[in-house]
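Below is one structure, written out as structure tokens, with a few remarks after it.
By written order: A, B, C, D and E. Residues from 1 in each chain.
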Amino acid sequence: PLTVFAASSLKETLDEAGALYGRTHAVPVRISYGASSALARQVEEGAPADVFISADRDWMDVVQKEHLIDARTRRDVAGNALVLIAPASREALPITPRRGLDLRPRLGRDGRIALALTASVPAGRYARAVLQSLDMWAPLQGRVVEAENVRAALELVARGEAALGIVYATDALAEPRVRVLARLPADPRAPIAYPAARVAASRHPQAAGFVAWLRSPAGQAIFRRHGFLPPA
Amino acid sequence: MSDVVHSIDVTLRRGSFERRLRIESDARVLALVGASGSGKTSVLHAVAGLLRPARGHIAIAGETLFDAARGVDVAPHRRRIGYVFQDGRLFPHLDVRRNLLYGARSNAGGFTLDDVAALLALGPLMQRRITGLSGGEVQRIALGRALLSQPRLLLLDEPLSMLDPDRREELLPYLQGVRDESGLPMIYVSHAADEVARIAQDVHRFDD
Amino acid sequence: MMLTPDEAAAVALSLKVATLATLASLPPAVAVGWLLARRRFPGRLLLDALVHLPLVLPPVVTGFVLLRVFGLRGVAGAWLHDTLGITFAFRWTGAALACAVMAFPLMVRAIRLSLEGVDVRLENAAATLGASPLRAFADVTMPLAWPGIVAGAVLGFAKAVGEFGATITFVSSIPGETQTLSSAIYALLQVPGAESRVWALCGVSVAISLLAMLAAEALLQRQRREPAT
Amino acid sequence: MMLTPDEAAAVALSLKVATLATLASLPPAVAVGWLLARRRFPGRLLLDALVHLPLVLPPVVTGFVLLRVFGLRGVAGAWLHDTLGITFAFRWTGAALACAVMAFPLMVRAIRLSLEGVDVRLENAAATLGASPLRAFADVTMPLAWPGIVAGAVLGFAKAVGEFGATITFVSSIPGETQTLSSAIYALLQVPGAESRVWALCGVSVAISLLAMLAAEALLQRQRREPAT
Amino acid sequence: MSDVVHSIDVTLRRGSFERRLRIESDARVLALVGASGSGKTSVLHAVAGLLRPARGHIAIAGETLFDAARGVDVAPHRRRIGYVFQDGRLFPHLDVRRNLLYGARSNAGGFTLDDVAALLALGPLMQRRITGLSGGEVQRIALGRALLSQPRLLLLDEPLSMLDPDRREELLPYLQGVRDESGLPMIYVSHAADEVARIAQDVHRFDD
């Protein structure tokens, strides 16, 4: 089978893509999901992966530097955007993000804003970078809760535990219990991208083909349906 | 005092062992003798409240401790019984002194730690841990502990079996003294005929 | 090796959380251990299973359940907040709760095992000496089960230091409030090139537990009985 | 509730992994438990600390260490692969190794506790009856420590069923090969709206452990001694 | 046979207890008597190899079991000693039969299970668990277990202390028979003067 190591946040999309590819190309596809960091390290240790799909460029860069992936096959297969969300159960007006905006009034007296871990998890890092570039980060100190991953942050908002949250547009689309208040502007220095590449050690004849297929109209249609942006 | 002191009529059951037992005695000190496994220890357990009889009643010195018919079953810790167990049962986490004092009550005219320690020659052992004590030492401490709780009834299960003749010769008169002065009722289990003859006023023999 | 202020705060927090978690769950662990060791009652096996649950389920699931129950919107959480003014959500107390729940099965097992080993005959002896069941428990059973209680506490403390799956899911990772040593390590592991810091923090983690174990050995030594021959 | 083929495979794998992990780590756990319970030697505390390590560190760290050591490029991994033909990396055996390592401290503690409770005087009695130290251990010590060994096995098994942090970090979560029940649950937790499947799989997880606990109770019952009075 | 059977010269230390002991005796059966805590059990432990003497030697029936000077210290399980412990020490996880048979060897002319069970009246107890046994039952099983291991030396620590007179009357002649027929050396600890007089050919008195 074709073994794909992919970032957890791609699960529903890649499950679908893998199934479709498997059917149309007569090859079983099995996908191991995990944190991009863990997957990258496993590739370093000779994991039997044919394709690696990371949730950010940094970890792909790490394995590329070690020549563990076939750089020629590396492609961004999707992009994403960050959105500011609130629980759907509560009335909330849309927000227009602008420089220096103070979100605290929208949090209420002791409400929180949920992000993925801002030091490490891609979604968290992106969110923090955007807030910082808009000078919106500083006032939020003490109000930020950092979840293990972006889906956990999503869940905190969906359950109303946090008043606001920043997650991927794709997450918000999949979760009916949240409403999108704003789409955050992309940070041109750190675009949100999902790079994929054939693992150098893979002997699977279709590894490169699968990566290329993800960029094909058939592949991209699935990404689009789940709310991903086309790769930059 | 010719009232009935020991009034026991119980059926005891432990696993496959079952025994009906009837004792009516107006003697202060009652000895139980009988073959190994005939149920002597079981009777003491029943009197102490550690073994619930299948039926019957137990009354000592006019106080009903157990009565199946009337639904009386005094909790063991309320029976004020000094029980010298056949198997010692010292507390391994306490030193000798604290074993002796466990359950001790102060009582005008009652047993005091110093008296008991002197009588049982426990002085040099006071700070010792329980592990490593000799068989006879364990037995003496168990006796001391029971006496210091100022019981209203003494149950003695072969309390001198591991003592040398000299020590036994010291203790028997002492127990006789306890019997005569304090009037404390006792049930005494022993295989030594001489002991029984000297301390007990009545002997109940378990026919096997 | 120097710790950043956030890391130092995480270390302090982990100590606080693990200590509270261990101390607070010890009494219920003794109670449940005793029930399982000594009583036969309907539902005993269910209780046993319930206690083991946090061990069997992925920690994230446990954290998720805690969130649902003790979160601001959780049944118990809302009630506790409104009536008793106790809040677990996003607080260090919540981290302690998560650690306590995760450590609970380990503590109960050790304590139960020790209680099962206590000789009932000694408790009976205490009873004949006038000790009520509660007194006998305090005077005889507990001291004799001491090695198990200490073992349970050590296991629980170590687990509490290492726990992060349930914690981060329940109370997230808020620097200075709920970011424990373990969540800090977890976060660092995902940053390319931060491995040396990971090892440094792991060293701190291990040092803390080593100290706890030393303390436990000392506690046990004080009452260790020389073996008989 | 129907399981998808991948889920069914995960259940089967978890059973296999937890069973192997428990059985394989039982003998070394008994050995280490015995050393800690009975021997005083330099480095004893170090061994104790080492055993506790997987409890104290976040599971991901343990998984990471395993990956570095037993990965195909790891020191031990390469050697084992080249000389003995044993591969842990990205195999179900690796999942078992991870679970065994994570369960080890729990097993050792329980076993050690029981061994400490065994009366040395009975071992001595066996010696006078001609039993060599090894025989006495097998005939007397082990049977008397049986409750602790069973408790250790139950804890270990439960932990092995629930473990996923170290497993997923070490051997990834490859469906059919290394995706255990717990890693499947974790993956599902990331999918919005998949909660009902999460609970279904948690139910399977709990059922497995419940069965293990029932089996353990039965094992213990067989030799439970009626308490004396 | 006027060879020295028991040649013991040891210094024993247990915590604060220390005692030098010298016994030379050509009697098959040697009795140890003395006050509680004088060190009788400790000597048996030393002979059995469970307590290592600080110095000295132990040789029984010509066989050196321990000799500090020559560095001899035969492991307990190689000494082929049948030891009836003062505290029973039955294996709680085995039933009575398996306790009796633990360490049993078959030996032409030696003790057999049936004989021993009959003699000690253990028949009805065979399938019983150890918990709940009476004091005398434990003692009899311990004695049976020691005999069935076909020892070359018997150590008896107050083996009959918890038995009723009838049972004791049956066992003493039996032990006399063992002594006379098998020529097995024994060390016998007892506080009962009559027992000692009837079984032992030599008495070592511990002066306290």
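Here is the rule we go by: contacts are C-beta pairs under 8 Å (C-beta built on N, C-alpha and C of every residue); 3 or more make two chains touch, one makes a residue touch a chain.
Just so you know, these numbers come straight off a predicted model, no measurement behind them.
Asks: Work out which chains are contact partners of both chain A and chain B.
Replies: C, D
Asks: Could you find the two chains linked by the most C-beta contact pairs?
Replies: C-D
Asks: Taking each chain's centre as the mean of its C-alpha atoms, give the chain farthest from chain C.
Replies: E
Asks: Tell me which chain's centre, taken as the mean of its C-alpha atoms, is farthest from chain D.
Replies: Centroid comparison gives B as the farthest chain from chain D.
Asks: What whole-Å value do you get for the distance between chain C and chain E if each is reduced to the mean of its CA atoms?
Replies: One centre to the other, that is 50 Å.
Asks: Averaging over Cα atoms per chain, report the distance between chain A and chain E in Å.
Replies: 79
Asks: Distance from the CA centroid of chain A to that of chain C, rounded to the nearest Å?
Replies: 35
Asks: Measuring from the mean C-alpha position of chain D to the mean C-alpha position of chain E, what distance in angstrom results?
Replies: 45
Asks: Pull out every residue in chain D that's touching 2 or more other chains.
Replies: 60, 64, 121, 124, 189, 226-229
Asks: Indicate the residues of chain E shared as contacts by at least two other chains.
Replies: Those would be 15, 50, 87, 132.
Asks: Give me the residues of chain A that touch two or more other chains.
Replies: In chain A, nothing touches at least two other chains.
Asks: So which chains actually touch one another? I want all the pairs, not just one.
Replies: Touching chain pairs, listed by label, are A-C, A-D, B-C, B-D, B-E, C-D, C-E, D-E.
Asks: Give the list of chain E residues in touch with chain D in this complex.
Replies: 48-50, 75-77, 79-83, 85, 87, 89, 91-93, 102-103, 105, 129-132, 145-146, 149
Asks: Would you pull the chain B residues touching chain D in the complex into a rising list?
Replies: 15, 45, 50-51
Asks: With touch defined as at the start, can you tell me which chain A residues reach chain D in the complex?
Replies: 3, 5, 8-9, 11-12, 30-34, 38-39, 41-42, 44-49, 149, 151, 154, 158, 171, 174-176
Asks: Once bound in the complex, which stretches of chain A touch chain C?
Replies: That would be residues 35-37, 40, 58-59, 61-62, 112, 114, 117, 119-121, 144-148, 152, 155-156, 159-161 of chain A.
Asks: If you look only at chain B, which of its residues touch chain E in the complex?
Replies: Listed in rising order, the residues are 14-15, 33-37, 40-41, 86-87, 128, 132-137, 139-140, 157-158, 161-168, 191, 193.
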